[in-house]
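There are two complexes below, and they share chain A, which is joined by chain B in the first and by chain C in the second.
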Partner chain A sequence: MTARDSIDLERLGAIIAAHGHMPGPTLPTLHAIQEAFGFIPEAAIQMIADAENRSRAEIHGVVTFYHDFRQAPAGRHVVKVCRAEACQAMGGEAVAKRISSRLGLDFGETAADGGVTLENVYCLGLCATAPSAMVDERLCGRLTPDKAERIVAETLS
Partner chain B sequence: MSVTFHVPQDAAALAVGADAVAEAIRIEAGKRGIAARIIRNGSRGMLWLEPLVEVATPEGRMAFGPVEAEDVPALFDAGMAEGRGGLGPTEEIPFLKAQTRFTFARCGVIAPLSLSDYAAMDGWKGLARAITLPPAEIVDEVTRSGLRGRGGAGFPTGIKWKTVLEAKADRKYIVANADEGDSGTFADRMLMEGDPFHLIEGMAIAGMAVGATHGYLYTRSEYPHAIAVMEAAIGLARDAGFLGPSVMGSGRAFDMEIRTGAGAYVCGEETALLESIEGKRGQVRAKPPLPAHEGLFGRPTVINNILSLTAVPFILDKGAAAYAEVGFGRSRGTMPIQLAGNLRHGGLFEVGFGITLGELVNEIGGGTMTGRPVKAVQVGGPLGAYFPPALFDTPFDYEAFTKAGGLIGHGGVVVFDDTVDMVQQARFAMDFCAVESCGKCTPCRIGSTRGVETIDKIAAGRDVAANLQLVEDLCETMKFGSLCALGGFTPYPVLSALHHFPDDFVARQTAQAAE
Partner chain C sequence: MSLVEENDYGTPAVKSATTVTLTIDGEAVTVPAGTSIMRAAAEMGTKVPKLCATDSVKAFGSCRMCLVEVEGRPGTPASCTTPVADGMQVRTQTERLKRLRRGMMELYISDHPLDCLTCGANGDCELQDMAGAVGLREVRYGYEGENHTHMEKDRSNPYFDYDPSKCIVCSRCVRACEETQGTFALTIEGRGFDSRVSPGAHEDFLSSECVSCGACVQACPTATLIEKSIVEIGQPEHSVVTTCAYCGVGCSFKAEMRGDELVRMVPFKDGKANRGHSCVKGRFAWGYATHKDRILKPMVRARITDPWQEVSWEEAFAHVAKEFRRIQGQYGKEAVGGITSSRCTNEETYLVQKMIRAGFGNNNVDTCARVCHSPTGYGLKTAFGTSAGTQDFDSVEETDVVIVIGANPTDGHPVFASRLKKRLRQGARLIVIDPRRIDLVKSAHVEADYHLPLRPGTNVAVVTALAHVVVTEGLVDEQFVRDFCDWSEFEDWAAFVSDPRHAPEAVEKLTGVPAASIRGAARLFATGGNGAIYYGLGVTEHSQGTTTVMAIANLALATGNLGRPGVGVNPLRGQNNVQGSCDMGSFPHEFPGYRHVSDDATREIFEKLWGVPLSNEPGLRIPNMFDAALDGSFKGLYVQGEDIVQSDPDTKHVTAGLSAMECVVVHDLFLNETANYAHVFLPGSTFLEKDGTFTNAERRINRVRKVMAPKNGYADWEVTQKLAQAMGMAMTYGHPSEIMDEIAATTPSFAGVSYEKLEEAGSVQWPCNEKAPDGTPVMHIGGFARGKGKFVITEYVPTDEKTGPRFPLLLTTGRILSQYNVGAQTRRTANTAWHPEDLLEMHPHDAENRGLKEGDWARLQSRAGETTLRVKVTDRVAPGVVYTTFHHPLTQANVITTDYSDWATNCPEYKVTAVQVAPSNGPSDWQEHYREHTELSRRIAVPEQAAE
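Moving on, here comes the complex of A and B:
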């Protein structure tokens, strides 16, 4: 059974309905759906369009515009590495390379076993304790390639 | 014995282990029979010292940092619980002492969600005065302070407010822009995490000033800690009557809610941000109409950076003159400058305009962390220019930076040592623009992609002179043919890299010739 087949449409409908009263409900709705399901299921797009009286194409356009919204589930762990300038200035690219080679993944990829997703992020606001990354909910600063590798290994073990 | 410890809960402190430090202090104090009260404050902004632990003593708060959890037993042995063995009084640390903290006066000092701490340090005084004034007088006070927008463009805040005040509508909005996407900036985040009622007060004053009853705080999904603190603060402020149908018993209503972005840099641009709140793709709107006339949901809207909004309580409380007294030229008041990247002393430095870039980098920032010479300093985020040390006498001032071919933006300063390759930095700027473009105009969307390809050719040493000319031409087209500053200002980092660091580019040519 794929993730797509197992979508609980009732739950999806309830989330959409719960945001119906808000002015401009689309982004809060999408965030709530992603929080609940880990991604934006295909079925959600038509349901939101119906609820908001907008076209399916419009909602699809919103989902694809924003980098945060996933159209497929992420890995069980998500590693986000900051690639922006302040982190670059402190050796962030070496950290990024080491994490990528340790995981055997390029940025934007999810491991075949669904264990982990590797992503770029452009600034976590931790620019004076750079280089930075976010491993699941955990913020990491002053990384070195070795320290980053250790944190990633701990998380995946 | 009972001792109060302060261990920041700021995201940057957490990223370097503050939670483990707090836990270690709790355990160590327990072992020694010391009743420890651990307050999780915001950050003082001396980020190279994080986790910065402070111990309350009769002589004031004593600083220790950077503290690692495993250091804690030894620190207790050396007298930490009595305030001994550390860096001495926090307020005497030169980095802090040299500042003029109007906006960040409370950040790192108070417990962020303590209404009584907030009130004890001048909290709500600006709002208390605002509710006694007619709206036009609030606006006038802000205009006279000389406050200009801290989000990048430097537009006078009072004039923006006046436009919204004079607009006729059934409803008006205040939108606080905390989308803070610029690399090297973290002031919005620190303020929301360390002094959240301050932003609420600033927004409420804006509401009173223009007759808006509802506010939106738009911030980034990359800031979950700030969002959690702000959520809690809004609830507390509402329960205490600082938000709601009758703000501080004034009979005037103002309430607010948070909206979270979804990882699009361009949504920091004010009209894209409004589109985003409305549930659309974050595409930039053509102006006119200005948001002040037709903003959120078509209503007159004040949209300000949160550092602009949080400058206002001071201005209302202490008066416009007290704010305007500090500054340089047409840049009045203070700027919370963020020192980041390769610096020994990175952090938040709030100071009156006019300090030079060289003072910031070499004196306040202490030079590079790596100990190598500074090569380039990017000021103002990914759309800001790269400055060489030859321009270090440039004063921090909107006009002076424009004259020097740059911008101060949101006040981010990112330092690079001599290992940086400016060809790669120019490429990154173009690539960032290509990735983040909202897609509305061709020069931004297509020009940046062509820019990346062309710089790749330069990096490979192919037709360097011709390709450099092509980059110059592309930049001209982007500057003049883009609707917003993403496409329009990407030429700043690109051309400054080209013009101030020609050797990096020419080296490619020489390398090629040598083959």
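Moving on, here comes the complex of A and C:
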């Protein structure tokens, strides 16, 4: 069974209804859905559109505009590597390359076993300790390729 | 001839009482305050380079091509988003601007396929034009970097392609879908480099929310959204402005041609009905004009079961003349008649009624308006003195509260619906009175304040209850009534509607509408500012159709909503020229201009001109023709451009009537259903093949212009003229303009109309005469055509068509966006992609009770007949109500409808039929019988046989 099939539509509907009274409810609704489901299920697009009297296209436009709204469930762990200017200047690209090859994933991909998702991030606000990454909720600074590989390996083990 | 070029001013015109003067490149220009610098420049003929701006949508400021310098201001503001100011000094061309623009263009072109020579838009591409305008000579970035040129095309829409590799993400299509069409089917998905246009939620165009109106294609500056016909044929070389032949909105289009081949239809910005917008039918569904099914040679036969024999035009005319004269000799002068078409031009309609009145010598002429808006003619003439809507379409821009009753504009009158939705998005309030939850009740960015989902057949009760609230709660505009109406008539009416039996609470059970909704709606309409009522066939096609029209008129009078822009009573006329065909004397009791045949003065005008005595007795209405045929007193019928077998109610009665006639002449594009019962077939011509005029729902007389020779040899007016000549009439018009001159000379409301006038003004709304030389956009300003506005008592009388144990459900019928009426045209286009068959909409509760699921075949049965069709389970209809369309002859929904009709005009009661629905496993007996007859009747003898 895929994640899509197992979506609890009743719960989805309840979340959408709970935000209906807000002015400009789209973003809070999407945040709440992602909080509950870990991503924005496809079924949510039409349901939000109906609830807000908008088109599917409009909701889809909002969801895809923000990278943080996922359209598929993430892996059990999420590794975000900063690719912005400061980190690049401090050797971040080598870190990114090492992590990518250690995981065998391109950026934006999730491992087939659902274990880990690798993502770009554009600035974690840790320019002072560049290059930086974020592994699940843990922020990591002053990375080297070796250090990054070790942290990733520890996390996945 | 060349292409009709239209200026693109970049941003929409601004209405403002104050003006602003500025200088642009040293030249002074004065424009309304709020105008953009770009538009001000365009008005003085200076083109500022642009890509994301076009004057049909609001400025967006994303492409950075239209940058200008303003003296004393820092930077280089975008001219599309910067409003003019007094004394502003603008420069549109400086070294700095040139460098900036060229740099921007380099970026665009570095991510664009360089296939201009083989691109469909070659010669009509704004990106290409701008590259030229900014003097692009090199792209320093090269073409090797990451780009979008590998992206796949979406060819799912039958009429246009979407090629994301050519997209410059200017959002013009997205904005056109939102602002012009109001569907919101497009978005930009992703961000930054990933940004791309997406229909729906990353769907293809066909499965998305797109309604294929063409606004996005029109707005696209590149080949990203492009008509398939342009890709296949190439760019047009000349164009002709003409009028769409589908619905009563009467949109103006440029027919863009290559030689005599139509390449595309493009909505014309100067068209005053559509203001540059279109729908899927007018914009794209014109392929029927060259469809292989068109019959191009006249044909005759002795019996309706014989194969057709092709004959020459001369033989055909002689045959009809001989037969009609024989019938008149044998059965009397009254034994023949004709039906004019709301699909044909004013001039053609005028000629048919003239041939019948002067040539046949009787008044047996009727028209398809009999079955649609005849109650409008009667009701509004009674109330106001003119058989027509009171406003122009522009009026909707000034309305504050809209009542839509018995109309489904997003499907039936899509371009008007877009204009209405635009006004609703600006804050106008909406009341929908309809048994079905139509899209206007709730769809993207539109939500009715009140939906009154009444039981079919209870219009009069609901509208009278609205009036009850207005009167009893003291919401009458007394000043208006005292000034413009007969006060004692008003008092009688007010006493009538005030009766407690008309209270919303008293009629709630009967109508199914909660009393609170009626009260709320009435208060809103009476107190919400300019109130306008728009209605359609859901009002007229009832046993009390005329009564409802008059009840609507009462409501408008009592609330003072007449005689100025933004208000009024607005019938949404169904067919392109239904207003015109009624104006042109198509009814058996009226000469052109709605003058009764018993009126001696009017008869004298025509007798003098036509040189024959004219009958003062009204002739037969369409349903009476069938009755008379079955009685044996009516034997010959000329039907121009109307498929009565499919469109008229109680099909079996219609076919029995036709079968009893001795000479049925069908004049049409195709072997339609009526032709199955015809003895003579005269090929018709399309609107592309003739000159003339159509009159739309706002009384606007629009020119129809010939863009190709008639494929059948003759325009329809020529066919009627030659037939009239064969019958011995002296009819010798050389051009339709001469017919219009005759109409103007004989009909006071058309006195000022001529082709010269139309050429000069573009279009004109009748009355157009000495008093109103430029026509009349809004009627009854400062008083009514009949003198005083008339209040009429509207007693609700339930229809005799009642549900009971045998037929417990109520069937009501309607239309769908992609198909038009009997579908003779749209079924012969790719529009069938959206609506391949008629479906029966049924509430889940009723479906479950009958063991029916989505897609099941169902038997639909009334006391008149039965048919089968598939079920669509939906809560758009209330329990107890079922709904279908009548676009497909296989379904023949009108086998079900009954012979009940409006008390005043005989307009059939299409909208209420008591039915039963049950599961089915095959076609009904009638469907089998009809299919067999059709197969037999449609045979055309091969020429060898014909020669024998």
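The working rule: the second predicted complex is superposed on the first by the 157 of 157 C-alpha atoms of A that agree within 3 Å, B and C clash if a C-alpha of one lies under 4 Å from a C-alpha of the other, contacts with A are read in each partner's own complex, and residues count from 1 in each chain.
We adopt the following convention: a contact is a pair of C-beta atoms (placed from the backbone, for glycine too) under 8 Å apart; a residue touches a chain by one contact, two chains touch by 3 or more.
Bear in mind the structure is a predicted one, so any value in this text is a computation, not a measurement.
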Is A:Asp136 in contact with chain B, with chain C, with both, or with neither (first, second, both, neither)?
neither
Partner chain(s) touched by A:Asp8 [first = chain B, second = chain C, both, neither]:
neither
Dominant contact partner of chain A by residue count, chain C or chain B:
B
Does the superposition put A:Ala57 against chain B (first), chain C (second), both, or neither?
second
For A:Ala128, decide between first (touching chain B), second (touching chain C), both and neither.
first
In the overlaid three-chain picture, which partner chain does A:Met90 touch, first (chain B) or second (chain C), both, or neither?
first
A:Phe65 in the overlay: touching chain B, chain C, both, or neither? Say first, second, both or neither.
both
Please work out whether A:Pro28 is in contact with chain B alone, chain C alone, both, or neither, and reply first, second, both or neither.
first
Touched partner set for A:Glu42, first chain B, second chain C, both or neither
second
Chain B/chain C common contact set on chain A:
58, 61, 65-67
Taking the complex as given, what residues does chain A use to touch chain C?
42, 45-46, 49, 53-61, 64-67
Chain A contact footprint on chain B (complex, rising order)
11-12, 14-16, 47-48, 50, 180-186, 188-189, 221-224, 259-265, 276-282, 297, 338-343, 346-348, 369, 378, 382, 412, 414-417, 420, 425, 428, 432, 436
Which residues of chain C touch chain A in the complex?
183-191, 194, 198-203, 208-209, 442-447
Okay, in this complex, where on chain A does chain B touch?
23-28, 30-31, 52, 58, 61-62, 65-69, 84-90, 121-130, 132, 134, 137, 139-142
